[in-house]
Amino acid sequence: MTDASDGLTMVDAINRALHEAMAEDDTTAVMGQDVGVNGGVFRVTEGLIDDYGVARVIDTPLAESGIVGLAIGMAMNGARPIAEMQFSGFSYYALAQIENHAARIRWRTRGAHTVPLVIRMPYGAGVRALEHHSESREVFYGHMPGLKTVIPATPARAHALLHAAIRDPDPVIFMEPKAVYRQMREPIADDAEPAQIGTSRVVRRGKDLTLVSYGAMLHRALEAAETLAAEDIDIEVIDIETIAPLDAETIAKSVGQTGRLLIVNEAPPSYGAAGEIAMRVIEQEFYALRVPIRRVCGWDVHVPFFAREQTYLPSVDRIRGAARAMMAD
Amino acid sequence: MTDASDGLTMVDAINRALHEAMAEDDTTAVMGQDVGVNGGVFRVTEGLIDDYGVARVIDTPLAESGIVGLAIGMAMNGARPIAEMQFSGFSYYALAQIENHAARIRWRTRGAHTVPLVIRMPYGAGVRALEHHSESREVFYGHMPGLKTVIPATPARAHALLHAAIRDPDPVIFMEPKAVYRQMREPIADDAEPAQIGTSRVVRRGKDLTLVSYGAMLHRALEAAETLAAEDIDIEVIDIETIAPLDAETIAKSVGQTGRLLIVNEAPPSYGAAGEIAMRVIEQEFYALRVPIRRVCGWDVHVPFFAREQTYLPSVDRIRGAARAMMAD
Amino acid sequence: MTAYLSWPDPKFEPHEALAPDGTLLEDDEIDIGTLEQIYKTMLCARRFDERLLKLQRQGALGTFAPIKGQEAAQIGAAACLREDDWLVPSFRETGAALWRGADMADLLVTLAGWNAGNDLPEGARTLPDTVPVASQLPIAAGIAHAGRLRGEDAIVMACFGDGATSEGDFHEALNFAGVLEAPVVFLCQNNGWAISTPRARQTASQTLAQKAHAYGIPAAQVDGNDALAVMQVTQEAVALARDKGQPAMIEALTYRMEVHTTADDPTRYRDEGEVEEWQDRDPIERVRKLLVARSQLDDAMQEALEEEIRDRIDAAWKEAKDRISRLEETPGTAMFDHIFAEPTAPLRRQRKEFSDQEEAAND
Amino acid sequence: MTAYLSWPDPKFEPHEALAPDGTLLEDDEIDIGTLEQIYKTMLCARRFDERLLKLQRQGALGTFAPIKGQEAAQIGAAACLREDDWLVPSFRETGAALWRGADMADLLVTLAGWNAGNDLPEGARTLPDTVPVASQLPIAAGIAHAGRLRGEDAIVMACFGDGATSEGDFHEALNFAGVLEAPVVFLCQNNGWAISTPRARQTASQTLAQKAHAYGIPAAQVDGNDALAVMQVTQEAVALARDKGQPAMIEALTYRMEVHTTADDPTRYRDEGEVEEWQDRDPIERVRKLLVARSQLDDAMQEALEEEIRDRIDAAWKEAKDRISRLEETPGTAMFDHIFAEPTAPLRRQRKEFSDQEEAAND
C-alpha cells in the first residue's frame, strides 16, 4: 500500500511488524475491536485477517476488560496475543485486568504461568479527534509493577520496539503516538533488528542542555533543539522510548555533561512522567545540575475539544522558551 | 461503641463524620458493598442505615463501576453521594467512570452539571490481608485533572478532611490508610471544624531536614524523626494530606530552610508521588537544596503476601538510614 | 437436545404499527398531531445530518456520527418524554436532541471542536454526548434513582447501540436499575453494526431484548424504523417507569444507513446491498405516506417544510460561524475553566504561566 | 399486564437426584465408585476447613474463606473434569482444589501469608485463588479459546459466586465465550450471600441461571448440596463444551454455612435460623447415607476415614510449619522474584539496595 522507497509511516511500520510476527510465530494472535475485517480504525492491522484468518485475528465484541482478559487467558495457554485497545482513553476499562492479572500472574503462580502479552493502544492528542481520544496516561502503566511500557516516536522505532515487545516473555503496554501515525516516513531495512526494551536513545548530541522526551513530543523537542542551534544553544535530545523500566542512566550520563535537564511530555504535569525522570536523575547526578530541572507538559486540565487542543499541547515555542530560560538561569 | 474520652480510632472518626454529614444535609447518601446492614467490612458505616434508612444508605450489588456510575448520576441530580470502594485494589473497575465522567462532567457541561461526590476507599498495606488488599495507587487519581485526592493520616484529620470532602462541590477521592484504622486514637472536639483540602500540614518542626509523608507512613516518618532527635538530627515533618492539588509551597518553604528533602510513601517508587513532590520543590527551591532529594518508598514489586508485607513497606530503620545519609552527604 | 441444560428461547416479535406504505397495521387510534411533529423533526434531523456530513467533508467540522436511518427510533422514543424527563444519549442521538430542543448552532459549534458549544443551562436534562460506549448507563441509573428518592416522577431515557450491550457498564447499569427500581427506559438502537462488527458477532444471543430478562427487567423489540410503533412501545415503558419505578429495555431494530463516523469507510466491511434494502424501509418516508394519506401533508407543505428547515440550518450555521470566529479571538486560558468550581492553586499558577507565555509570544 | 413489553419468565427447576435421606429420586444408574471418591474428598475438605478455621483463630493463618456447605457443589462439579482440563477458581474452592490434587501443605503455607505456597508446577491447570470477584472469568474464556484454537479438547471450569454475577467481567466473559464458542463451564455457586448482601438484593432476576440466556448460552439450576445431581448436570455441560465448544452455565443452589471470611461476622446481617435449616440439607450427610445404604460405608470405615484424614491434615500442618520456619530464614529479597522473567535494571538496583540495608541492619 505504501511505496517503501520513501519509507513507511508509523501505521505501516507497525502493520509490517505485525505481519512479520504473525508469519514468524504461529502462536501469535491479534484481537480487538474492528481489527479484523476492517483492518483497525487506523488500518494498523490491515491485511492480517486475509493472511492469517479469523482464528488468529479476532474481531471481538465491544468490551475492553473482556479483550484483555481473553488475551491474558490465551497468553497463559500457549499463545502470544497482541491485543488492541481502540484508543488509550478506553483502556481504563481494562485497567483492573492489567493491574490485577496481566502484571501479576507470573508472580502469583511463581513462574508456573506467564503472560507474554502486548497491549497496543494509540494515545495522545493532535489528530482533531473526539473527547476521550486524546489522553496520555502512560504513568498509570508505568507505575504498575510487573509491566513494561513502551512508546515509540518514529516508524522505524515502532517497528523495532514492537518486535521486541512481542518477543518479550512478559506483558508490554505499547502506546502509539497517533499524532505520528501518518506524520512522517522512515525506511525500514528488511533485516531490521528488534530494539531493546529498557534503553533510552540519544537522538541528538549536544553539550548545553539535556532535553528528554518521547512519543509525538519528541519531534517538537527535536525541532526546538534544531532551531536553538542558531542561537548557539547546543541541545542533547534523548528519546526515552521505554517508560518502564526507565533507563535513567542514559539521561543521567547526559546531564552529567550538560548540567541541565528539561523534560517534555504531553500528559498533565501533576504526577506525570517528568517527576520520575527528574527524581531518578537527582538520585544519580544531583551535583551536576547547574540550574533547576524544568518540564514542559500539558496542563492539569482535560484536553480541550479539538479546536483548542494545540493550546493544550507543549508547543515548540514553549519548549524553546524553557530551554532559553534555563540557559539564562 | 468507643469511649470518646480516650479519643476515637480512625474508623470511629470517619463514622462520626459520616453520621454528622448525614444529619446535617439530607441530600447526603452513602452507597457501596455491605455499607448498610453490615456497617461496612471495616465498620466505617456502622449505624448509618439504622438512622437514615435504606433510601440514603444503599447496599449495592457487587459492581464497582456501577457503584461509581450510580453515585455520579445521583450527584448530577441533587444528591451528595459518598460511595465506598470496599478496597482501593478494586477501585480500578471504576477508574473509567472516575476519569471519564466524575472528573469531567462539570467541564463537559460547562458547569451546568456538577459532581459533588466523595469516593472513600481503604488503601495500603500492613493489616495482614489477602492479595489485592494492600496497594497504594494514589497517583492514578492524583494524575487525573478534575479530581481532588485526599489521604488523612490520623483520626482527627480524617474527620476534618472527610467533612471538607463532603462539602466540596467537586469529586474527591478519599483514601483511608487502613493500617491506621485502629492503630491510634485521637480526641475530636464536638465543634471540630472541617479541614481545608489543598494544604499540607507541618506536624513537627525541625531545621535540618524536611521529611514529607502521608497516610500510614507518616507515623513511621514521625517515629524516625523523634528517634533521630537523639542523634541531634532535627527533622521537620510535613503531612501532605492532599495528594492533589498538591500544596508544594509549604514543602518548598520548609526545604528553603532545611536544604534537605526526604519523601516517604509506600507505593512503588517508579512514577509514584515522590517524583511529583521532588519536581515541585525543584521548581521552587532548587538552589536551597544542599544534598540530593531522596525517597524511601515501597519497591517496584507487588506487595508480598502478608508474612512478608513488612519487608515491602518502608521501615523506620530505612527512613532513619536515608536521613542519616543525607546529613552525611 | 439436552437433559438438564435449558437453551435460551426468546419469544420476542418486533412490534410494528405502520407498514412501509404508510398504512396502519392495526386499527389504532393515533395521535396524528404528534406524528406530524415527529415527521418534521425527523426531516429536520435528516437534513441537518446531511449538512453536517457536507460540512465535515469540507473540513469545517470534526468527526461525527451520522444518524441517517435511525430518526424514527430515537425521535419516536424521545417524543414520549416530558420536558422534565432526562435524555442521556450516547453519541448518535442528534435527532433525539433536536426533538428535545437542542440548538443547532450549539451542536455545530461543538462539532467544530469548541467546548463552548456544550454551554448548557444549569441542570439541563438533555445531556451532551457520551463517547465511551455504555458508560452513560450506570449514570442514567443514578440520575433516575436520585430523582425517585426525592419523590419526583421524572424518568430517564438512556440511549445506546447494539455494540454497547457487550460492555460491563451495560450489565451493571441494568442490574442496578432492576434492583433499585430506578425509572430508566433503556433504549437500544440496534442498527446492525458496531463500526465493522455485525450484530451477529457482537453476541450469541438471538435478540438483544432478552438481555434485559437477565436483570428481571421487561423488554420489547420494535421496528425501529416505524415511528408509531416506537412511540407505542416507549409510552408503555415510560408509564411503567413513571408509575412504578420499573425500568424497561427497548430494542429498536433499525439500520445505520451511513458511515459509522466520518472517519469510517463501511465499504471495507459491509455489503452495499444491505444499505439498499434498508432504503425501502426509510423511517421518514413511512410517516410521510401516512400523513399524506391523512391529508396532513401535500407537496406544497412538504416544499415549505423543506425550505423552512433549510433556512433554519443556514441560519444556525451562520450563527455557529459567527460564534466560532468570536471564539477564535478568546484567549487559550479558557481551557482552565470549569475544571473545578474554584480553580485550585496549581491551576491558577498554570493559567498564569500559560497567559504570560501567550502574551510574550504576542509581543 | 403489559401490551408490548414482555417480562422474564424463566422455567428453571433445580435438578435433584439424591433426597436428603440419601435415597435416589430416580432410578439412575450411578457411578458409586466416583461417589465414594467424592464423599472422601468432601469429608476431607470439611475437616480441612474446620482445621483452617481453628488455626486462623489461633493466629497461625490469615484471612480465608471457608467452604462449609458447598462441598458437593464444587467437588461434584470438579469430579467431571479430566486432569488436563482447567480449574479457574475464585477464592472459595478449597474442596475443588483438593479433588484436583492440591497439596494441603501448599495451601497452608499460602494461607500463612507466604507466596511460596503457590509454587505450582509449570503450566499447572488448577490455578490459585482469584481475589477480585469475577475477574477470573474473562481469563477463563481466553484459556479455553486458546486451547481450542490449538485443537485441544481440554475444557475450562470457571468458578464464581452469586455476587460475582453483578460484575461487568461476568458479563463480558459469558458474552465472549458465547460468541467465540469457548469451551467453558461457568459454575456459579449461589450460596445465598455475597458477604452481607442476600441473593435477592444482588439482582432482580428470578434465577441466576437465566443470566446465561442473555449470551445465547444454555444453563441449568441444580441442587448444589446434592453431589450426584451436580455431577449429572456438570457432565452434560462438560460434554457440550468438549464436543462442541459450547459454553454453559450451572447455577448450583447451595449455602454458605460459615462466615464469609474469617474477618466477617454474619450475625450482623443474617438469621441463624437460616443456617440451621440448611444444616438438614448437609451435602456430605446425604452421600454418606447413600453409601451406607449401598453398603459402601459403615461405622468402622467411617472412623478409619476420619482418622486417615486427621493424620493427613496433621502431617500437612507439620510440613507447612517446617516450611514456614525455613521460609522465615530466607532473605527478604524474595519479594523481587518472579516479577519478570529477567529482572529489569531498576529491580536489580532495588534488590541490591534492599539487601545492602538488610545486611547493614544485621551487622
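First chain written, first letter: the chains are A, B, C and D, and each begins at residue 1.
The rule is short, and it goes like this: a residue touches a chain if its C-beta (ideal position, glycine included) is under 8 Å from a C-beta of that chain, and two chains touch if they have at least 3 such contacts.
Keep in mind it's a predicted model, so treat the numbers as computed, not measured.
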**Asked** From subunit A, which chain is the farthest off, judged by mean CA positions?
**Response** D
**Between B-C and A-C, the pair joined by more C-beta contacts** = B-C
**Prompt:** Cα centroid separation between subunit A and subunit B, in whole Å?
**Reply:** 31
**Prompt:** Using CA atom averages as chain centres, what separation in Å is found between subunit A and subunit C?
**Reply:** 35
**Message:** Centroid from C-alpha atoms only, then distance subunit A to subunit D, rounded to Å. What do you get?
**Reply:** 40
**Prompt:** What positions in subunit D touch 2 or more of the other chains?
**Reply:** 115, 132, 166-169, 171-172, 175, 179, 201-203, 339, 344, 346-347
**Prompt:** Do you know which subunit A residues sit against two or more other chains?
**Reply:** 61, 63, 65-66, 89-90, 93, 96, 100, 107-108, 131-132, 145-146, 245-246, 270, 299-302
**Prompt:** Okay, in this complex, where on subunit A does subunit C touch?
**Reply:** 33-34, 36-39, 41, 59, 61-63, 65-66, 89-90, 93, 128-133, 269-270, 299-302, 304-309, 311-312, 317-318, 321
**Asked** Can you list the subunit C residues touching subunit B in their complex?
**Response** 86, 115-116, 118-124, 127-128, 132, 135, 137-147, 149-150, 168-169, 171-173, 175-176, 179-180, 337-341, 344-347
**Message:** Residue numbers of subunit A touching subunit B in their complex, please.
**Reply:** 89-90, 92-93, 95-96, 99-100, 103-104, 107-108, 131-132, 137, 139-140, 142-146, 243-246, 267-268, 270-279, 282-283, 286-287, 289, 291-295, 299-302
**Message:** Under the stated contact criterion, what part of subunit C meets subunit D in this complex?
**Reply:** 2-8, 10-12, 15, 166-172, 175, 178-179, 201-206, 209-220, 222, 232-233, 236-237, 240, 248
**Touch list for subunit C against partner subunit A, complex** = 62-63, 91, 110, 112-115, 117, 129, 131-134, 163-164, 166-169, 194-197, 201-203, 263-264, 268-269, 324, 327, 332, 334-336, 339, 344, 346-347, 350, 354, 357, 360-361
